[in-house]
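One structure coming up, written as structure tokens, with questions to follow.
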Amino acid sequence: MNSFGSIFRITTWGESHGKAIGVVIDGCPPNIKIDEAEIQKELDRRRPGQSNIVTPRKEEDRVEILSGVFEGRTTGTPLSMMVWNSDAKSKDYSKIKDTYRPSHADFTYQAKYGIRDHRGGGRASARETIGRVAAGAIAKKILAEQKIQVIAYVSQVYHLVGDIDPEKVTRQQVEKNAIRCPDPKAAKEMIALIERVKKAGDSVGGIVECVVKNPSIGLGSPVFEKLEARLAQAMLSIPATKGFEVGEGFGSVLFTGSEHNDNFTTKEGKIVTISNRSGGIQGGISNGMPIFFRVAFKPTASIVKDQETVTKNGKKTNLKIEGRHDPCVIPRAVPIVEAMTALVLVDELLKQKAIKE
Amino acid sequence: MNSFGSIFRITTWGESHGKAIGVVIDGCPPNIKIDEAEIQKELDRRRPGQSNIVTPRKEEDRVEILSGVFEGRTTGTPLSMMVWNSDAKSKDYSKIKDTYRPSHADFTYQAKYGIRDHRGGGRASARETIGRVAAGAIAKKILAEQKIQVIAYVSQVYHLVGDIDPEKVTRQQVEKNAIRCPDPKAAKEMIALIERVKKAGDSVGGIVECVVKNPSIGLGSPVFEKLEARLAQAMLSIPATKGFEVGEGFGSVLFTGSEHNDNFTTKEGKIVTISNRSGGIQGGISNGMPIFFRVAFKPTASIVKDQETVTKNGKKTNLKIEGRHDPCVIPRAVPIVEAMTALVLVDELLKQKAIKE
Amino acid sequence: MNSFGSIFRITTWGESHGKAIGVVIDGCPPNIKIDEAEIQKELDRRRPGQSNIVTPRKEEDRVEILSGVFEGRTTGTPLSMMVWNSDAKSKDYSKIKDTYRPSHADFTYQAKYGIRDHRGGGRASARETIGRVAAGAIAKKILAEQKIQVIAYVSQVYHLVGDIDPEKVTRQQVEKNAIRCPDPKAAKEMIALIERVKKAGDSVGGIVECVVKNPSIGLGSPVFEKLEARLAQAMLSIPATKGFEVGEGFGSVLFTGSEHNDNFTTKEGKIVTISNRSGGIQGGISNGMPIFFRVAFKPTASIVKDQETVTKNGKKTNLKIEGRHDPCVIPRAVPIVEAMTALVLVDELLKQKAIKE
Amino acid sequence: MNSFGSIFRITTWGESHGKAIGVVIDGCPPNIKIDEAEIQKELDRRRPGQSNIVTPRKEEDRVEILSGVFEGRTTGTPLSMMVWNSDAKSKDYSKIKDTYRPSHADFTYQAKYGIRDHRGGGRASARETIGRVAAGAIAKKILAEQKIQVIAYVSQVYHLVGDIDPEKVTRQQVEKNAIRCPDPKAAKEMIALIERVKKAGDSVGGIVECVVKNPSIGLGSPVFEKLEARLAQAMLSIPATKGFEVGEGFGSVLFTGSEHNDNFTTKEGKIVTISNRSGGIQGGISNGMPIFFRVAFKPTASIVKDQETVTKNGKKTNLKIEGRHDPCVIPRAVPIVEAMTALVLVDELLKQKAIKE
């Protein structure tokens, strides 16, 4: 389904080259101050054409709020937001109408539905995430009222790894460069690498890390809706993602239990853990320590280089994708990771309010 | 919530040291032949006390079907299954009533609910997974009718990595040794390692891989219920998991797009991909190639070694956990990973049936 | 929440005097031919200003499909539809900004949310049903493919009761007069009555009956989603409804069991019931006989007559509602009842497909 | 599905003549004091064999709590409750194995699922409601903490109507006689009528009214989950129900708007309505006035009298149902109506807590 969340629930709709893209938020608490400019700011972080390492498509992506807000505040009724698709060059895609692009959703959509909107990937396009980012902007406002902050950033591109302390990262550091890596030296190298890859008509992937500072204690629930399980679903629902890990993640395998366990102590009268290998979650529930996780993005499937593939009828053919594409999606993925994180957290926050005395 | 799935939906209930543990399956198609022995067989794979590298607790875990089956077949009504808790030595846990075990759910449950059943971890105990494994056994039956096979196995313990070709692994190979690693040489070393760790009063983690052979094409859906997103949630809902990756996973970062893309070709008249770096899923939907993913398990939190911690009231204290615990959970995690995988697949299979012409 | 349905799920959004009103359909099967004109036709049946017994507001209510349709067919992705609010005279409502209209939602919205969009009833306005009717038009198309027909009509206004055989009613008969009552004589009297009531500045209610011809057998499920339970929720979710009854309904109380039971027989080789007092549903599941139910609508709350009420601050005051309102909503309720019925049936049809062999 | 509720969600399972009947409550707030005796008391009100106007079956229906309660309090984890089926005379039902009982679910279950547990109606048996009543007992406890009281009673049997003021009815009055009608004179006549009907081998139905005293303001939500819509679904999910009406219900049709509207005034500083024709709900949301609704129950389908019907293969046959059945279900329906009402209210109460400042 195209909905996410149980109390604070979003439903996204729209294809890359349809008339518009949008989102409906259901269950948004009333009386939240809404500033269209704040939402726009998040969309601008996601927008193509921000720098020369991302796609040069000039999409304005101007958000319009259609319902659920009255005199600048949410009313508790569904909040509908929309962005018109303006820069839709449908002709770019006529060529691939009957040709399956490798590692795209062309073949699977056709097989699943017996029909697909082939223009620009249709629903599989990353444009779908516009609705998530718009909704995430509102979720972030709600979190900000509880002083909870969500910061994502690029920690790795191909083999280049930033030297970053997640607990100290600031939004300003992240936004300082086109690649959104808070380590300026690594950022420079990453940008140079992407430019080389772009020239070669190829693409690369990378890792986005995310830290939640000052999370409430008690978010998430014991079994299927463990906080990390919901975050994992949220992250793997972002296009091009291939992995999720929380705390020490796959690296936890190389610890013994006595090394990995987060011993408890007290600090300023509060119970805290000395280490934070768990990434702020124990038994599926946040323990108040920073929540920390990482998301792997594969290299963009759209490349200029010649590729072997088949047509709808199984005829072998060669394909050269000529549209304007990102040689590396991950700087634009940063606000998406933040949005999905904020959506999970707000939903869990409201759930916890429901049962708490 | 304690439910998983939308059409084929399970609800698990029960605490480690309560009266019983169980599951209700809602939405199970009618006329599926049910053989209690088959369900029991899966539970026996999960059961403690199978070998000397897992906990020696002797729990019988005898499954009882209470509803939804008539004359050996499902009726389409809820299928309720239960296992009585017999070997519940509650006294073992009196000591930790007010002491928070590091990296357990004690502190977070108490903070979230203001109350907790401290005996054996209560709801946070891995005993909760009994219901999942029982339900998964039925899901596997439904998959088997479609010739879909789910096989999980241990591929890594601590630093020891098996040499395994996922597409060739058989259930027999997996079940041949106590660690459930289909590489016999690695299995031997893994077992030796775990025995050393056990003697040291410590624990280790590892990686469970899972392959789905002959999956239907078209499972999963475009956005929030991408097949990999649902699998990620399913896997991260298993106790002690810290990471999930599909296809090349985190490793995909070290490919360029031209290397990583799975080019299409045809084989015996069918469209297939030449490589399978995507792990059988593109755009969130299965493409018919084997589905392949990996799950990271941290080292068991319950260790005999002395640990620093605090009590409920924030007083510092030392803790020595004396119960009988697994020095390494992952051989017992294998059937749980399979069960959760089967539950996702059956649910998606039924969803696809609903909309397919 | 603002969603309805589990497989075929709609989400409506929008306020009476906001920018627009809309609906998102999630789970619509692919390859359904969509004709915007057919949807428009249903909206026109719901639209104000159709005759002089309903409100003279001239709302165009022109539907726009924004996503989910490609080359005239559904793609299986969310179908977003929207209608701009054009005739929004917000000044009409400034007077009642702080005054609670009797039997409207003003007081309860304010109490629930601490804020409300007072213009024209905001979300509580019957304009909200535009989205339902648009979605219902698509649901009807899917039902039509199975030769299932949904027909609603007015059977009673105030004390005037039509003489109607539900199984023989045709859409043409219903659409022949402004009140949508297939008994032409009663229709005439009903219209005359409403005109008198209108002159008196008052309003009346009535009963809408609905018949489903040629329903599939097996729709609905045993317990909480009994077909009549879902229809009851659907009907009572329509503004101004006060009651629902299926088959003999409240009248069944005046039968004995031997009189009320629908004995089985066969007809053309099929098992059918001789009588149909159950209204086509037994044990929550359709039995193939016509489904038949009735919905009570209270008299419109908006009346011109002077009323006593209080302001937001509890000050007593008198109120004269001057907007343009329906003296009787029920002719416009007919397409809404049909839409909600179609939405329930399609959802159940898809559910049944999912589990059926 | 077999679940009801979104935050406080119950799942019932079990067939009439299976091993057991049960319910799982998910989302129950922690720290609610649970007294097994209180739950048992509600089950005893539902139990057969209470008097000679109901079925003489002697089912003990002894409830057993299996999880979710620790030291007498709920823990926030799933609460599983079960009742063993002891008095299951399966032989009673062998006769009707292949014969469809009129107005029962035999035919529809068989048609839907292709299989059914024919013993005693299987899942369609009113025994299924045991789980609802047990869960409702806990819901009532939560409501009692908010001083919200739910009282249902029989107001009509066949043509006999009690003279009852819903706002003054007490539980004691209701429990004073076997028919659960608070008008003692009518009660006597009703009992006499049912005894006559029983002798004749026939059955009758009736009306159960329900009043919610001191409801919170703000329960329910604007559109599909209007409080009356949820109550309507809840009531029509009870076996043998045929109608639901709230406030003046179908009678509202015989009022004009100026007569029907509930004018506002103030009382002890609070905004209240002068009349309460709306039945305590406006715009789908409770306004603090008593909530009042009525439920129609058809005459019991199981009658001793000879009936014409067909077998599974369409052969005409005669049927005489010989089991022990209720000539009138409605005194036993009273606690079921209360339970379903309490389940709706608690779920809405928790939902409201989630979004409220």
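The letters A, B, C and D name the chains in turn, as written, and every chain counts its residues from 1.
As a convention for this text, contacts are C-beta pairs under 8 Å (C-beta built on N, C-alpha and C of every residue); 3 or more make two chains touch, one makes a residue touch a chain.
These numbers come from a predicted model, not from an experiment.
Just to note, of B-C and A-C, the chains joined by more C-beta pairs in contact are A-C.
Centroid analysis (C-alpha atoms only) places A farthest from chain D. On residue numbers, the C-D interface is repeated by A-B, which shares over half of its contact pairs, out of the options A-D, B-D or A-B.
One inter-chain figure worth recording: chain A and chain C are separated by 39 Å, centre to centre, where each centre is the mean of the chain's CA atoms. Between chain B and chain C, the centres computed from C-alpha atoms are 46 Å apart. Multi-chain contact residues of chain A (touching two or more other chains) are listed as 1-3, 6, 12, 27, 30-31, 76-77, 112, 114, 123, 222, 357. Taken together, the chain A residues at the contact with chain B in this complex read 1-4, 6, 12, 100, 102-109, 111-112, 114, 123-124, 128, 156-159, 197, 200, 202-207, 217-218, 221-226, 228-237, 239, 241-250, 252-266, 269-271, 273-274, 277-279, 281-288, 296-303, 305, 307-310, 314, 316, 352, 357.
Those residues of chain D that touch chain A in the shared complex are 6-7, 27, 29-31, 76-77, 222, 350-351, 353-357. Interface of chain A with chain C (complex): residues 1-3, 9, 11-15, 18-22, 24, 26-27, 30-31, 64-68, 70, 73-80, 82, 112-117, 122-123.
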